[in-house]
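Read from first to last, the chains carry the letters A, B, C and D; within each, the first residue is number 1.
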Amino acid sequence: MKEETVKLIVILLGVASTLGIYSILYKENKVFRFFEHLYLGLAAGYSISAAWNDILRPQWWTLMMIEGRWWMLFAIPAAMMFYMIYSKQNSWMSRLIFGLFLGATAGQTFQAFAADYFPKFRTAASKAVMDLPEVNQPGAYGLTPFSAALNNVLFMVILASVMTYFFFSFEQKGKVIPSVSKFGRYTLMVAFGALFGSTIMARMSLLIGRMYFLIHDFVQVQLLHMQ
Amino acid sequence: MRIPQLDRRVLYLLLALVVSIPLLVNVPLPPPAITPPTKSFYETIETVSTDPKTKDKLVIISCNFGSGTLAENLSQLEATLNHIVSKRMKFAIFAFNDPQGRDLGGSTAQRIADKAGYKYGEDWVNWGFRPPQGIQSLLKAMVNDLHGALGTDVKGTKLSTIPVMANYKKADDVGLIIEFAAADTVKYWVQFFQRAGTTPIATLFCPTSVMANEAYPMLETGQLQGMLVGLKGANEFETVMKRPGFATRASASLSYSHLLIILLIILGNVGMIQDRKRQQGATK
Amino acid sequence: MFQVQHGAALYTHLAGAAVVSVILFFALTLVPTKLRRPLIMAVTFAAGLFYALEFFWPVSGPESDQKNFLTSYIKPFSDITTVLQSFALGLGVYSLVSIHLRKVARTQSGWAYSLVLIVSMIVMVIAHIGKEYIKAPWVHQLNEFAYSGLMKSLDATMFSIIAFYIVSAAYRAFRIRSTEATILLVSAGIIMLGQVAIGQAITNAIPNEGLTANLRVENMANWILKKVNSPAIMAIDFGLGVGGLATALRLWLSLERGSYFEEEL
Amino acid sequence: MNHATWPARVILIVISAVIVWTVIAAQRGKKLFIRRIPGLTAIDEAVGRAVEMGRGILLSSGLGGIDVVTLQALAICTNIASAAARYGTKVQMPIYEAALLPIAEDAISSAYNKAGRSDAFSSDDVRYLSNQQFAYAAGVAGMIQREQYAATFLFGTFFAESLIMAENANMVGAIQVAGTPSTTQIPFFIASCDYVIIGDEYYAATAYLTRQPTLLGSMIGQDRVKIAILVTVMLGFLLTMVKLPLVKNLFEDKDMPAASYYSPAKGGK
C-alpha cells in the first residue's frame, strides 16, 4: 500500500469513528453500539500491548532473560496469587498480594501528605496583612496595600468557614457556627461555579480540535484538496 | 413571546454550528487581555534565558498529554518551543504519563527544531517515555544522575554518549522545567525534583484549562513560576510574542461557544420564569 | 546467592527458581486458617513500613543526595510492584473475554457486537505488539489503522463529546431556583465571560489601572479564581488529605473492620 | 519533600497517633457522635426508588487503582449493594482497574451474602470494562442507555468522564448520587446529579452509613486533626502579623537550625 493510501484510510477511519460516537447524542443506536464495542476491544488490546511493551518487557523479561537476573522469575508465583481469587479454598492468597499493595500505598501516604499539604499549610500560615510582597509585583493591577491585606483576611475567613462546614463531630448549633458554615457553603458554590465556568473552555477546545479534524483534515484536504 | 424549553438535541446542533463556522470563515474577534499567569510565564522564560547562571542550563519539556487534549496542549507546546528556540536554549523532550506524549512532543519539536536550525543530539534530545508507575523513584534517581537514571534516549542511544547531554548530569544542570499536561503530573516535578538540588528549579506549567484551577494555589506558594491556561493561555502567549497561530484562530470558536452557552442559560431562565408566572396565573 | 547468570547457567537457575516457586506456593496453601489473617496483616504492615521508614529515617549525605539505608531499594521495589500489577491485567481481560465469548457461543442477542469486541482486541494486540518484533510493512499499516485511525480518534471524540454534555448540563442546572444555584450561575457566568476575548470586550473601555481595574470582567474572574477559589479548594483539600491519611493508617495497621475485612478466610 | 524534616516527623506522628488512638478507643466501645450528613440519607432514598421502579442500579468506583480513595468507594458500594440485594434489585458494577476486579467481586458478593441473597449474585454483574479512560466512559454510557438504570451511584476518583456518565444517566431519568475527592469534578456532579457528597464527607460516608465504631472513631480523630490544623494555621496568620514566621517555618521543606525557627523574618523574600 502506498503511503498516501494508508494516510487516507487512517483519516477515513477517524471520520467514521468520530461520527459513529457522536451519533449517541441523537440517541443510542446500532452504529454507536458497534463503535462502542470496537472501542472496548481496541482498548483492551491496547492495554495488553502497553503492559507488555512498556512494562513487562523492559522491566521484567529483558532483565530476566537477557541481563540474567533469574530471580525475577519469582514475580510469576507472586502474580499467580492474584488469580487465586478464583479458587474456593485458597482465595485468601489473593488477599496476601493485595495486602502488599495496600500496605505500600498506605506507607507512601506519609510522604505524599507532607509533600502535598505542608506547602499549603505554609502558604496559609504566612498570609500577611503588613509588608505585602505581592503589592509591588508585576501583574498586581490596582492592588493597594489595603486591598491586598483585605484579600488575605478574606482568604483566612473563607478557609476557616469552609473547614467549619466540614466538621462532623458536633452538631452545628447555636448562633455563630451555622452561619459560618453557611457562608462556607456559599463560598464553596462560588468555587464550584468558577470550576465549571473555567472547564467549559477546556471542553470546547477539545470539540474545536475534533471539528478542525473533520473540517480541515477530511473535507478541505482530502475531499477538496485545499491546503 | 413565550420561550419554550429546548430539546437537548437542538442545543447540540447549535453548538456544533457555532464551533465550526469560525473554523471555516474568518470571524472577527478582539485581542485577548494578557492575564498575570501568562505574563509571569513569559517573564520567567525571559529571566532564565538571560540570567548568566541559568541561560546555558537544560530546559526539560515534559509532554504528558495525548491526542485527546491536542488542541490545548499542542498549541501551548508550539508557542513555547518557538520561544525556547528563539532564545537558543537546549532542551530535552520527556514523557511519563502517556506514550503519545513522546510522539506528539517529539514530532512537534522536530518540526520546530528543523526550522530553527537545531540539530538532534547537539541542541536537543528526546528522552522518550517512561511508565508512570515508576516515576517517583525515577525522578528521585534523576536528581543526582540524569544519565544513569534515564539510560537511553528515544532512539536507544546511551545519554552519556549524546553530545548535548555531556554537560547536563544532574538536577543542578537543569535551568527550567516546562510541563505540558492533561493531568496533575506537574506535582511529581514539584514533589521530587524541583527542590531536590541545591537551588530550586524554575517550573512552568501548561495545563489544559480544567487542570489550571488546581494549580492556582501552586502559583501562590511559589511552587510554579508561571502558567499558560489552556488554549486561552496559548492565544495570549501568541499575542505577547506577536506570532499568531492555531490558538488565535481557534479562540474565535471558543469565544462564540461561550457566548452561546450564556445566551442559552439566559433563555432557559426567562422560560422558567414565564412558566412559573403562568402556573401562578392558573392557580389563581 | 542472587547473582546474574548467563547462558546455560541462567536456564538452570531459572529452572531452580521455578521449582522453589512451586514449593513455596504449595507451602502457602498449607498455612492453617488461623495464621492466614496474621500473615496478611504482617505483609501489609511490612510493605507500608518500608516506605514509612524510608521517609522518616534520618538521612545523611550531600545536600542534593540525601539517603538512608532504604533509599536505594525504593526504585527496585516500585519496579516490582509495577510488574506485578501488570500481571493483574489478565484478570480483567479474562473477565471481559469470558463474558463476550459466552455471548458469541450462545448467540445471545447482541452477540455480533461481542464478536466485534473480541476481534478488535486481537487485531490490536497483533498490531501493537507485532510492530515491536515484526518489520513487515503490513504490521506497521495495521497498527496505523487500529491505533492512529481508530483508537486515537475514538479517544479524542469521546473526550470531546463532553462539550455537548456541558452545554445541556449548564442549560438545565443554571437556573435561579435557590440562593445556592444562583451563586453557582453568577460565578460560572463571570468566569466564562472573563475567559474569552468576546466577554472581555464588554469591559474593555474600563482602564486597567487603579481601583477601576477591579471592574474589568477578566480581573473579576481572576479574583474569583485566585482569592475565592483557592482558599475554598484548599479547605476541602485539607479535609481530604486528613481523610486519606486516616484511611491509609487504618489499612496499614489492619484496623479496618466490616464485611470484607472480617470474613472467614 | 523527599525525606521528613524534624517538624514533619513530629507533626505526622502526632496526627497519626490521634487518629489511631480514637479508632482504638471507639473499637473498645467508647460512644461517639457524628452529625447528620444530608447527602447521605439520599443513598437510601435512591435505592428505594430503584426498588419501586423495578429497574437496576449502576455502581461505579471510578478510575482509581488499588488506592485509599477507591477502597473507600468500594466500601460505600458494598453498603449500597447489600441494601439493594435485600430488596432483590439488580446491581451492576463496571470496573476500570483489572487488579481491583477480584476485590470488588469479593466485596459485592459478600454484600449479597450478608443480605442473605447469595443466589442472586452473578459474577457477570461485576465486570471489567476497560482501563482506558474514555473506552470505559463509552462502555458505561452504552450500559446506561441500554439498561435504563433507575439509580446510579458514582463514587471514587473521577476525571473528565464524570459528565459523560452523569449526563447519560440523567437522560434515562436515573436518580443519581455521586461523591468524589476529585474536587474538579464536583461541579459537574452538582449540575447533573440529584445528590452530591462533597469533600471529606466522602470519607465520612461509610462511617455514617454503617455506624461502625472503627470508622466513627476515625471520623472523630480526623475532625480533631482538622481543628488542630485550622488552629495552627490561624495562629500562623496571627504570628505573621507580628513578624514571627514560626508556624510557616515548621512546614518548610528542609530542616533549619533550631534557633532560626522562631527568629523574626528577615526582611522580604
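Following the convention adopted for this analysis, contacts are C-beta pairs under 8 Å (C-beta built on N, C-alpha and C of every residue); 3 or more make two chains touch, one makes a residue touch a chain.
Nothing here was measured: the structure is a model prediction, and the numbers come from that model.
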Worksheet item: So which chain is farthest from chain C, going by the mean of the CA atoms in each chain?
Response: B
Response to the item:
Contact tally winner between A-B and A-D is A-D
Discussion item. Per-chain Cα mean versus the mean over all protein Cα atoms: which chain has them closest together?
Written reply: A
Worksheet item: Cα centroid separation between chain A and chain D, in whole Å?
Response: 16
Practice prompt. Determine the centre-to-centre distance between chain A and chain C, using the mean Cα coordinates as centres, and give it in whole Å.
Written response: 8
Practice prompt. Please report how many Å separate the Cα centroid of chain B from that of chain C, as a whole number.
Written response: 21
Item to complete: Find every residue in chain D that makes contact with two or more other chains and list them.
Response: 1-2, 4, 12, 68, 71, 99, 102-103, 106, 129-132, 134-135, 138, 160, 183-184, 187-188, 190-191, 198-200, 204, 226, 229-230, 253
Worksheet item: Residues of chain B that touch two or more other chains: which are they?
Response: 8, 12, 15, 19, 36, 68-70, 131, 133-134, 140, 191-192, 196, 209-211, 213-214, 217, 220, 232, 254, 257-258, 261
Response to the item:
Multi-chain contacts in chain C, i.e. residues touching at least two other chains, fall at 55-56, 79, 81-82, 85, 88-93, 96, 152, 154-156, 158-164, 166, 168, 170, 172, 174, 184-185, 189, 192, 195-196, 208, 225, 229-230, 233-234, 236-239, 244-245, 248-249, 251
Worksheet item: Along chain B, where are the residues that touch chain A in the complex?
Response: 9, 12, 15-16, 19-20, 23-24, 36, 39-40, 43, 68-72, 99, 129, 131, 133-134, 187, 190-192, 208-213, 217-218, 220-221, 223, 229-232, 250, 253-254, 257-258, 261
Response to the item:
So, in the complex, the side of chain B touching chain C is made of residues 6, 8, 11-12, 15, 19, 29-33, 35-36, 66-70, 100, 131, 133-134, 136-138, 140-141, 143-144, 170-172, 196-198, 209, 213-214, 216-217, 220, 232, 235, 251, 254-262, 264-265, 268-269, 272
Fill in: chain C to chain D touching residues, read off their complex
54-57, 59, 66, 68, 85, 88-93, 95-96, 99, 154-155, 158-159, 161-162, 165-166, 168-170, 172-174, 184, 233, 236-240, 242-251, 253, 255-260, 263
Worksheet, complete the sentence: So, in the complex, the side of chain D touching chain B is made of residues 1-2, 134, 159-160, 171, 183-184, 253
Fill in: Partner chain A, residues of chain D touching it in the complex
1-2, 4, 8, 12, 32-35, 37, 66-68, 71, 99, 102-103, 105-106, 129-132, 134-136, 138-139, 141-142, 145-146, 160, 183-184, 186-188, 190-191, 198-201, 204, 219-220, 223-224, 226-227, 229-230, 232-237, 239-241, 243, 245, 247-248, 251-253, 267-269
